[in-house]
Amino acid sequence: MTTPSPNSSVARAFSRHRYNLLDLVLLGAAVATFFLADLYLALATAVLIMIVFALSLDIAQGYGGIETLGHAAFFGTGAYAAGLYAMHVSPEPISGLFVGMAAAAVVGLLSGLAVLRTAGLTQIMLTLVCATLLLELANVAKPLTMGDDGLTGYSVAPVLGLFQFDIEGRTAYWYALAVLVLVYAFCKFLVSSPLGLTAQGVRENPTRMALLGVPVRRRLLTLYAISAALGGAAGALSAQVNNIVGLDSLGFTMSANVLVMLALGGTGRLYGAFLGAIVFMLLADRAAALDPTNWLAALGVLLIVVVRFAPTGLSGCLARWTSREGTQ
Amino acid sequence: AEIKVGLLSQFSGAYTWWGREYQRGVDLYLAQRGGKFGEHTITVLSRDEAGSNPQRARQLSQELVVRDKVQYLIGGVFTPTVLGAVDVINQTKTPYVILNSGTSSVTDKSQYYVRAGFTQWTVSIPLVQWAYDQGMKNAVVLAADYAPGHDALEAFGKTFAKLGGKVVGEIKVPMGTTDFSSYLQRVRDLKPQAVFMFMPVGPMSAGMIRSFKERELDKAGITLLVTNEAQEEDIAPIGDAALGLTSALHYSPYLDTPLNKEFVTAYKAKYGKDELPSVASVAAYDGMRLIERMVGATNGVKDGDKAMAAIKDYKWDSPRGPVSIDPRTREIVQNVYMRKVEKIDGKLGNKVFHTYPAVKDPWHEINK
Amino acid sequence: MTSTLSTFLSLAVDGIAYGMMLFLISVGLTITLGVMRVVNLTHSAFAMIGGYIALWFIQRAGVHFFLAVPLAVLATMAIGALLERTLYRWVYGTHGLGQLLMTIGLTFVITAIVKNLAGTQLQSLPLPSSLQGNFSVGPLNLSVYRAFLIVASAAVALALWLGIERTAFGARLRAAVDNQRMARCVGINVPAVFSVTFAIGCGLAALGGALGSPMLPLEPYYGLKYLVIVLIVVAVGGLGSLRGSLYAALLLGLIDTLGRYYLPALGAFVIYLAVLAILLVRPRGLVAN
Amino acid sequence: MTERVLELRDLSAGYGETVVLEDVSLHVDAGEALALLGRNGVGKTTLLTTLLGLNTVHGGSVRYAGQDIAAWPAHVRARKGLGLVPQEREIFPSLTVQENLTVAATAGTWSLERVYELFPRLAQRRRNLGYQLSGGEQQMLAIGRALIGNPRVLLLDEPFEGLAPVIVDALVDAFGKLREGGALSIVLVEQHAELALDLTERAVVLDRGRIVWQGASPDLRGDPERLASLIGLEEVQ
Amino acid sequence: MSAAPLQLVGLCKQYGALSVTRDVNLTLEAGARHALIGPNGAGKSTLVHQITGVIRPNAGKVLLEGRDVTAMPAEQRVKLGLARTFQINSLFNHLTVAENIGLALSAHRGLDGRIGRPLPARPAFVEEAVECLRELGLLDLAGRRVSELAYGQRRQIEIALALALKPRVLLLDEPVAGVPSTEGKRLFELLERLPRDVAVLVIEHDMSLVFRFARRITVLVEGAVLLEGGVDEVRTDPRVRDVYLGKRGHHD
């Protein structure tokens, strides 16, 4: 047996986000879903969109340590931007997606200037306040957003000029899946980038980071804007797939739900976003169909049980389980 | 054969009351028909809209229609959730019986919408008319700051002005307000004879009605006039402060007709002696009647156009009085009652004291 | 002009009363979240429980209002202590997200239970005749109930301030929060301190829920509906500062009431803009420590 | 006859599943001072915190004043007379200096006044919050906090670290006086072996969680080579 | 001749009525091996905080190579070659030792904001990290999380982080407290071997190390400079003996 060279052992001491079997499993599952559960495609598409959204939150919260209860600001901005773009400029979806991302990134940059000056509860409240102000704005700007009735009446052109959105939701599913795969790949790339490590350092000890010469707030702002753009992508997807944008896309429930999904799945691991969104959405859907009035209680019990038995979320549980398997 | 009907409502969250009432109305109707329309067994699939979330409404309607193959949709609590289904019903030609959303314009968005509830305009106009006839010549209109509230402001304001009244103030109250002192102070300063109010039923409307009494605005000679907010279930927590509250609405469980008495008796027998039907359960009850009619006309085979044709001009006797469907707008035509809150058998209830017969939704006329 | 002045004064009194009610329902959270650092999103649900229990005592057991409220506070404290011993214990050590998840889950469960037990309709405590009606001070016409709210909250504020900032128990609590391990090493019975404190927080919530019910009526979704405003008060006040949350509650109550009257066009923006402005100028709240 | 205040038998302990200490047996008599020596990471701190019940015990027993204390929670151990001065000071940052002391106070010979007398610097800063103190002030406070609990056994984890030489002198004198009546025993962890050996009667040397030497302090003090081989291995190699 | 790497001019800091720093003047020449000693609470750490920009002085100036940096944020001063260690460990506890060092190195190389190739996939970077760890004898610990390490080991990482920045001015606040004396000596030898032109200011209460390492010593008492001088001058000064060294202070 040869002892590993110090270089390789040091390189291994960096936690790394390589592609692994799990990614393949997830992709396989997504493809299989299309064929096995094609009657559930609307739900499956909604799940994919929420995964994108949860990923964007994981970047801000799990990696940057930015605490937020107002992430819907980005989802909603992306959704409205994409919806308005389709209505007034062009029904082309891919450019609409980018418009949604850009709009959300701008909102992220602006609100980040305020939000990132603070920490803890104050930060949470500021994010909440920013999102609420946007919500009120959308409510007041009724001529533009159609206010409480929801933005409707636009249509989205076929993806790449080839694939028409159909009522069974096949195109929507593939489109959302493609976006998710790209976003996920980007997130992996991002968190294993030097900036990804910097973010973790800032989360752990911002004072020390500053004294290593890192412009902490600027780095966080970058991260926040990226996270916002990804959140905007989720919103834009939703607007394009559903042909309607409601005020609730900016609402507190949206922010709270995605946070619960991420916490359920586990932060700082990317695939926590997958597990959390899938479990939450499926449970919500199933429980809601079985016993609509009491499903909230079932969800509540699940959350408590997860905190008790999987304090680092489902992905943490999975990680512990696989590492134990691995060492045996 | 089996025919499936999708019921969309709020079964969780702050508006569960709607879900319960819809379900009760639907179940009661089906129970009275032995679960069958003709030889077709009816299965109802209930889904939770979970708040005012059009994306979810779209997803649910799509799943119900595409996956579960329902032939009819019924329900809908908020305008956005009703509109969320519009693409789906247009593309699949699925009739959707709207039970609540009070925005008049909704039925214009699709040929397959038909309303079994009411619109805000329908009940607002008689209320304003009545107030004017009582000699109230200046009024404040006060509504929650959201789409239905804006509709109500417009309905009250335009009608009142047209009659020759003077709107001395228009107040928009942000959603979620719990303390009304500032608004009531403003009302007091404006010294109107009447206040027309519209709010989402719940903490807001209850808080407003209670504070109105608490601040003795009634003693200052101001009359509070409402529509939807005076329902029996909602005035109970307000307590005696609600006594004398005047409202216009298309139904009251204390409506003195044989058909309604029968309906109330059946409702109580099924759901408990202290329970009372409401606008929501009666809408669901009548909604099922519409579906029965459509099922009969299509003989259980899905055909949205044929089904919709069958209910145009359909007339029947409902617990709320004689009703019909306007063939042009697919709006329901119904009586509107003026009611006053009184103690009836020791409980607060709405006593009808005046009837405006066969009121058509006026919005479609005005905005033709 | 006296009428504009009296309008202003009566609005100010209303604002103070509203603020005092906000203080009452949020001060318990100042203790559990601000001092104990438990992100207790169940707080408002405890307020609701207190309100419902008081209602039960009055309606079903025929107990007088002034006895029913303290009984409800005690009962809620017992429930709180029980939950602390079982559920909350798990999350003290964990990160904020775990606490958030657990407590929001608990709120869901409580909501469902209340919905099944008490139904969805709104309810509020029937006020005793001694708290009904109005009285006049000069040109002002004040409601007895609002005056009572102001007095009761002021009394609670004073009692708490003496209790936490001036007693050994307060110091022990803060020590336990700062560093649990070390607190145990200097002989502090950390679990007991936490249980007692948590129960006090729940009791305060219950008091707020019961006394405030004419303004914030009881319903199963109370716990979720009035969570944000309570969090805002705590954040604006400054984490863990009793004085801060009193100031914040009063300030927000006044801004809200006056803003709605004088700046009606801004509508719902007023309060959020105020919060944004305050937190930008004072990122750690009005009274930061 | 002197009483045996503390007795460890075959103690194995660590963090969760990780075992750090293995089969440690030692004892401390009333009024005695014991030095605990060893290189970085051998388990000295772990031993002290295990005595307070903060770690996972995998085997063996700890007896205090004749009783098995396995079931005692940490705060009971502290109340009954085990006083810890932790290595990282662990001052309560949001308490004032005075409060840091009063939360730990019990009735006994040590009072607020006596602590302030030993560390006049603390008296000057009594109203300051814990986090505002200088490193050395924190160290004084940590020691004061342990003393005011009137312990029978004082567990000192590198108590002189960060203190000015004059203060170290004062402390050394104070510890000497304290032990005179036999009321106080001391377990002292210290990186400066010579200083530790000067202050104690007996010494224990740990290596990788096991005891590798145990005996009278002067013996080790007088044998620099052995000392080097026990705690300064690199130098010998 | 170029300006001194670090110069403090009339630095003052008050907390309310308490003056923690009083009109402190101090100059570090290139290659200085300077010690700062003084009783507990004299204001030594506070001085370092002001130099590095963690807190702002009430009056006075901080000059780095002649440039006034008093108003400059901390991270920019680091970019000018200023590095420090903390008296109370300030590390990234949930990251591995290698990642801790990696953070310092990537900041130094200006990689910290990059979205690109991961650090461990950059051979030159890894090489440098290995070198850094080897120098401080931390190579074996590379994969351990900092939170699992003993106190003394963490102290060494504290120093490693500062050294990884390749500073021109290095401020060490009690760098070897809690490190065994033999290990402490070794670390000081390492410091002595730093490039000639690096100016080092060290705060330390272990006089045996101070007297061996320092060429000049500043004694701070109650926030003010009591004395600055060579080793022997300070060692024998009676005032220093009274307030600080005590009777055994100079024995080692």
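Going by the order they are written in, the chains are A, B, C, D and E; count residues from 1 in each one.
By our rule, a residue touches a chain if its C-beta (ideal position, glycine included) is under 8 Å from a C-beta of that chain, and two chains touch if they have at least 3 such contacts.
Just so you know, these numbers come straight off a predicted model, no measurement behind them.
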Q: Can you pull out the chain pair that has more C-beta pairs in contact than any other?
A: A-E
(Q) Distance between chain B and chain C based on Cα centroids, please, to the nearest Å. (A) 35
**Q.** Inter-centroid spacing, chain E versus chain D (mean Cα positions, whole Å)
**A.** 29
Q.
Using Cα averages as centroids, what's the distance between chain A and chain E in whole Å?
A. 42
Q: Mind checking the centre-to-centre distance between chain B and chain D? Centres are C-alpha means, answer in whole Å.
A: 76
Q. Which chain B residues sit where two or more other chains touch them?
A. 16, 20, 145
Q) chain C: which residues touch two or more other chains? A) 115, 267-268
Q. Can you list the chain A residues in contact with two or more other chains?
A. 293, 296
**Q.** Which pairs of chains touch, using the document's own definition
**A.** A-B, A-C, A-E, B-C, C-D, D-E
Q | Footprint of chain A on chain C - complex, ascending | A | 33, 87, 90-91, 94, 96-98, 100-102, 104-109, 111-113, 115-116, 228, 231-232, 234-236, 239, 267-269, 272-273, 275-276, 279-280, 283-285
Q: Name, in rising order, each residue of chain D that touches chain E in their complex.
A: 15, 39-42, 45, 87-89, 121, 125, 132-137, 139-140, 158, 161-169, 191-193, 231-232, 234-235
**Q.** Residue ranges of chain B touching chain A (in the complex, touch as defined)
**A.** 11-12, 16, 19-20, 45-48, 50-56, 58-59, 62-63, 66-67, 79-80, 83-84, 86-88, 91-92, 103, 109, 145-148, 150
(Q) Can you tell me which positions in chain D touch chain C when the two form their complex? (A) 52, 54, 73-75, 78-79, 84, 86, 90, 92-95, 99-100, 102-104, 106, 130, 145-146, 149
Q) Within the complex, which stretch of chain E touches chain D? A) 15, 38-46, 87-89, 148-153, 173-174, 177-184, 186, 205, 207, 243-249
